[in-house]
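Next come two complexes built around subunit A: one with subunit B, the other with subunit C.
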Partner chain A sequence: MSALFDLLIAPFADFGFMQRALFGSLMLSLGACPVGVFLMLRRLSLAGDAMAHAILPGAAAGFLIFGLDILPMTVGGLLAGAVVALGAGAVSRFTIQREDASMAAFYLISLALGVLLVSLRGSSVDLMHVLFGTVLALDNEALALIGGIVAVTLGCLALFWRALVAECLDPLFLRSVSRLGSPVHFVFLGLVVLNLVGGFQALGTLLSVGLMILPAAAARFWTSRVGSMCVVAVLIGFAACICGLLLSYHASLPSGPAIILSAGVVYLASILLGTRGIARARVAHRHRTA
Partner chain B sequence: MLKTIHAILALSVITLTGFATLPAFAEPLKVVASFSIIGDFAKNVGGDRVEIITLVGPDGDAHVYEPKPADAVAMAKADVVLVNGLNFEGFLQRLVDASATRAAVVELTKSIEPIEFKPEFAEEAQEESHEGHAHDEHEGHDHGPLDPHAFQSVPNAKVYVKNIADAFCAADAQGCADYRANADAYSRKLDALDGEIRAAIASIPQAKRVVITSHDAFGYFEHEYGLTFLAPQGVSTEAEPSAADVATLVKQARQDKAAALFVENITNPKLVERIAAEAGIKVGGTLYSDSLSPPGGPAATYIDMMRSNTAEIKGAILGS
Partner chain C sequence: MTETCLAFHDLTLGYASRAAVHHLDGKVDKGSLTAVVGSNGSGKSTLLKGIAGVLKPMAGGINRAGYVRIAYLPQQSELDRSFPARVVDLVSLGLWPRRGLLGRHTAQDKQAVKEALQAVGLAGFETRALDTLSGGQLQRALFARVLVQDADLILLDEPFNAVDARTVSDLVLLIKRWHGEGRTILVVVHDLDMVRQNFPETLLLARRKVAWGDTAETLRPENLLRARRFHEAWEDDAPWCEPEEHDHVHLHDPAETGSERRAAE
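On to the complex of A and B.
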């Protein structure tokens, strides 16, 4: 019993930074995982990764001008992300080019600009760590930021739920029955950027996009309803955060990658064992043919 | 053929230097100092009679310095080359070979009793020496490599100064009296500095003389002045720390009741602040270990550097 306590509870009971890491990453999962579900359903999973890179120049510019202050870096990141998201979205809506190409073009421009800014400061490695924090060093400011982001995300999701679901399943239908089509798309991209910026503060590296996509992708193997998929994704995100932090503590692994890899393990297990995964689907298939 | 040319060159150098030393103040003695602290010592001993070129300047790191062609030129023209020794300057042997200098290369740590790196630093220092140092004097398992930062103790600094005066006298006999007088005057200043540091440390309660630093450069300071420097294990220059590393450091700080934290190698300042807040200790300012600050900085000379370090440590511990 006490061994179990040492294994699971003691790390969080003994150290404040572990409590903060847990609290911050759980909050982040709450906001990012549902957003990830919608990204996945809209076949924009890789766009999350692209957006993560697109944020770099804004955050770097904020750091270069205002120094190591969480607010300018966050605002900078949001602006850069918004420009890329809106630019790519607008190009795909108003020209013949599809969203994947316009997104790739905008994020590459943004990324190059970011690398340029980072290099101006000198050693790029150092600035990358300064920009992206670590889950083990969450201060009150960072926690407040993540909390705010989660609140905004959940609020927007609740408000635009029906429109978002409709956009995912049949965007042309939504545009034909409602003027909300384009605005909802942009609100959604805004949420993606917001959660990625929060993720940088919490998870440290560009890996933060993993907490958005992996639980959502894993949840897809367990349910087909959007609502329950969001719930399952959040639960998987929670589990990944707890496992990752405990792994980082007991096996002395870097915490960011440990969390994302935990989510990755859940994803792989879900492919095999999920109710809509390989094993069950094959069984069901055999029944049908038999 | 090459040998003959070298011999001719050597002869001409000898004759030229022979001529140069004849008139009293014709040519300053050309001195190459390997890094900024030695350059400062040499300036104080040599005064106007010497012209000093410092290879690794202020805020530079002599461990990982890459010599430039201009350094080889300076080295080739030098009359005296002053180095720290104990494998401090990894780049030096290559440079001496490449420049084919005829100058005497003087190791200033000679006749100083070297101490070993503390075990917790030894591993890191070994890695360092495998990477950067041409010659590794690491011998056996229970002996750590030798700590080259001997100048961090003021009594050792006086040995440096004496060795510099000896080297200058050997190269320029006419100026010997000046060099000795300068060295004596500077040594008296160092004595005063030594007393200052001891008084400052004495004003810190015995139980609170514990500091955490990731620098492995303060072994001699610790040895001389009775302060304990703890090493943060695991958390050094690694990019992504693990929760275990941070927890170990926090535990260590709590158990040993360290009073202040000087950790500059951790690239993320927020992490340092977090650790300090968790362990209930303060984050100190900058400690200068291997080089001076640029002119106008808090550690522009050796004496300023030792004063600044002592004040930082005392201030951080006493919380002023």
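On to the complex of A and C.
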């Protein structure tokens, strides 16, 4: 019993930095995982990855001017993400180009600019920090920021839920009954950027998208309703954060990759074992007549 | 005198400076049942998108008679069938004009959805996932959504595509019921025999109006021949349309192919 306590509870009970890491990453899951579900259902999973790269130059500019300070880096990231999201969204809405291509173009420009900015001043350690984050070094300021982002995200999702579902399912229908189609699209892209920026202090710009996409992709194998998919994704996110932090603590591994890899393991297991996964499809030899 | 539901004034609709519906004038009477016919690319779907307000006119405009509640059924291909939703979720979208973004769906609304599903022969399908429906069942569900919308003007874009004969006859009965209730209906249809049998009025489009009015009159062989000669593809070297042009001689008559025009020149 004591061994189990040492394994699972003690790291969080004994160390303040572990408590803050746990609290921060659980809050991140609460906001990012439902956003990831909609990102996946809109077939924009890879666009999430692109957006994660897109926030780099803003974060880098903040870092360049103010050093390793969470607020300027966050504001910079938000601005860069907003420019890329709005730019790519506008190009796809008002020209013949689809969003995947415009998003790729904008994020590549943004990524190159970001790497250039970091290399102007930083050492490779700085670059590693921006790219991979440090969840174990979350301070109160960072936690407050993540809390705010989660509150805005959940509020927006609750407010626009019906429109988000309609925009995914039948966008032309939504445009015929409401003018909310385009605004909702941009609000949603805003939420993606916000959550990626919220995650980058903890997980880095490269991996913050992992907590958004992997739990959502895994949840798809367990349920067939959007609402329950969001709940399952959040639970998977929680599990990944707890396992990842424990793994990081006990095996002295970097915490960001440990969390994302834990989510990856759940994803792979879900492909196999999910109620809508491979095993269930193979085992179900019996079938109904209609 | 019949009341007008919709009036088109020199209406031009299109995409990226290319006109798909060109200088259309005319009116749709209140309570009329009109088939919109023409070859692929003749502007039928574009016209419906324009009326539904999904596409803004490049020139001219559409006048509606006061407040008109519109129900628009896009082509099935616009719908994401893999989206994790149930039949009842899809049909409930029809409550949007009444309840909007935040309005609560009342017991009465839920009853309306249930009755609509019964009316299209999908009673008991409420909780079925969309990706398990056949093409015909999905089309029935979409008609149920139109029923729930309870609209004055109904726009149906190719509702009979990839649907079996029995479903087609059921859906036609439903359209006739709406017509009997005094609703105004425009339907994009490809099957001209069906149009002759079921639609009192027809608009024959070839990017612009070829003929419009009584179905038998509109579908006369010479009109169909004119429409058939319409060249489907956009031409890169098509001249720019001048405002006064269409009132006189139309230099780029869609019923005239590029090669014919060059030969004539």
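Convention: the second predicted complex is superposed on the first by the 272 of 290 C-alpha atoms of A that agree within 3 Å, B and C clash if a C-alpha of one lies under 4 Å from a C-alpha of the other, contacts with A are read in each partner's own complex, and residues count from 1 in each chain.
Please note the rule applied: a contact is a pair of C-beta atoms (placed from the backbone, for glycine too) under 8 Å apart; a residue touches a chain by one contact, two chains touch by 3 or more.
The shown structure was predicted, so the numbers you read here are calculated from the model rather than taken from an experiment.
Undergrad: Looking at the overlay, does A:Gly190 come into contact with subunit B only (first), subunit C only (second), both, or neither?
TA: neither
Undergrad: Give one of first, second, both or neither to describe whether A:Val165 is in contact with subunit B, with subunit C, with both, or with none.
TA: The answer is second: A:Val165 touches subunit C but not subunit B.
Undergrad: Figure out whether A:Leu41 sits in contact with subunit B (first) or subunit C (second), or with both, or with neither.
TA: So A:Leu41 only meets subunit C here.
Undergrad: Between subunit B and subunit C, whom does A:Asp139 touch in the aligned arrangement: first, second, both, or neither?
TA: First partner only, subunit B.
Undergrad: Let me test your reading of the model: by the given contact rule, A:Phe173 touches which partner, first (subunit B), second (subunit C), both or neither?
TA: second
Undergrad: Which holds for A:Gly87: it touches subunit B only (first), subunit C only (second), both, or neither?
TA: neither
Undergrad: Once chain A of both complexes is superposed, is A:Gly198 in touch with subunit B (first), subunit C (second), both, or neither?
TA: Touch partners of A:Gly198: none, neither subunit B nor subunit C.
Undergrad: Which partner chains sit in contact with A:Ala21 here, subunit B, subunit C, both or neither? Use first/second/both/neither.
TA: Once the two structures are laid over each other on A, A:Ala21 reaches subunit B alone.
Undergrad: Classify the contacts of A:Val226 with the two partner chains as first (subunit B alone), second (subunit C alone), both, or neither.
TA: Once the two structures are laid over each other on A, A:Val226 reaches subunit C alone.
Undergrad: Could you list, by residue number, the parts of subunit A that touch subunit B in their complex?
TA: 11, 14-18, 21, 68, 125-126, 129-130, 133-134, 136-139, 204-205, 245, 248-258
Undergrad: Which residues of subunit C touch subunit A in their complex?
TA: So the residues of subunit C touching subunit A come out as 16, 49, 52-54, 70, 72, 74, 78-80, 83-86, 89-90, 93, 96-97, 100-102, 129, 145, 149.
Undergrad: Which subunit B residues qualify as touching subunit A in the complex?
TA: Result: residues 234, 238-247, 250, 267-271, 273-275, 277-278 of subunit B touch subunit A.
Undergrad: Hey, which residues of subunit A end up touching subunit C in the complex?
TA: Residue positions touching the partner: 41, 95-96, 159-160, 162-163, 165-166, 168-178, 180, 220, 223-226, 229.
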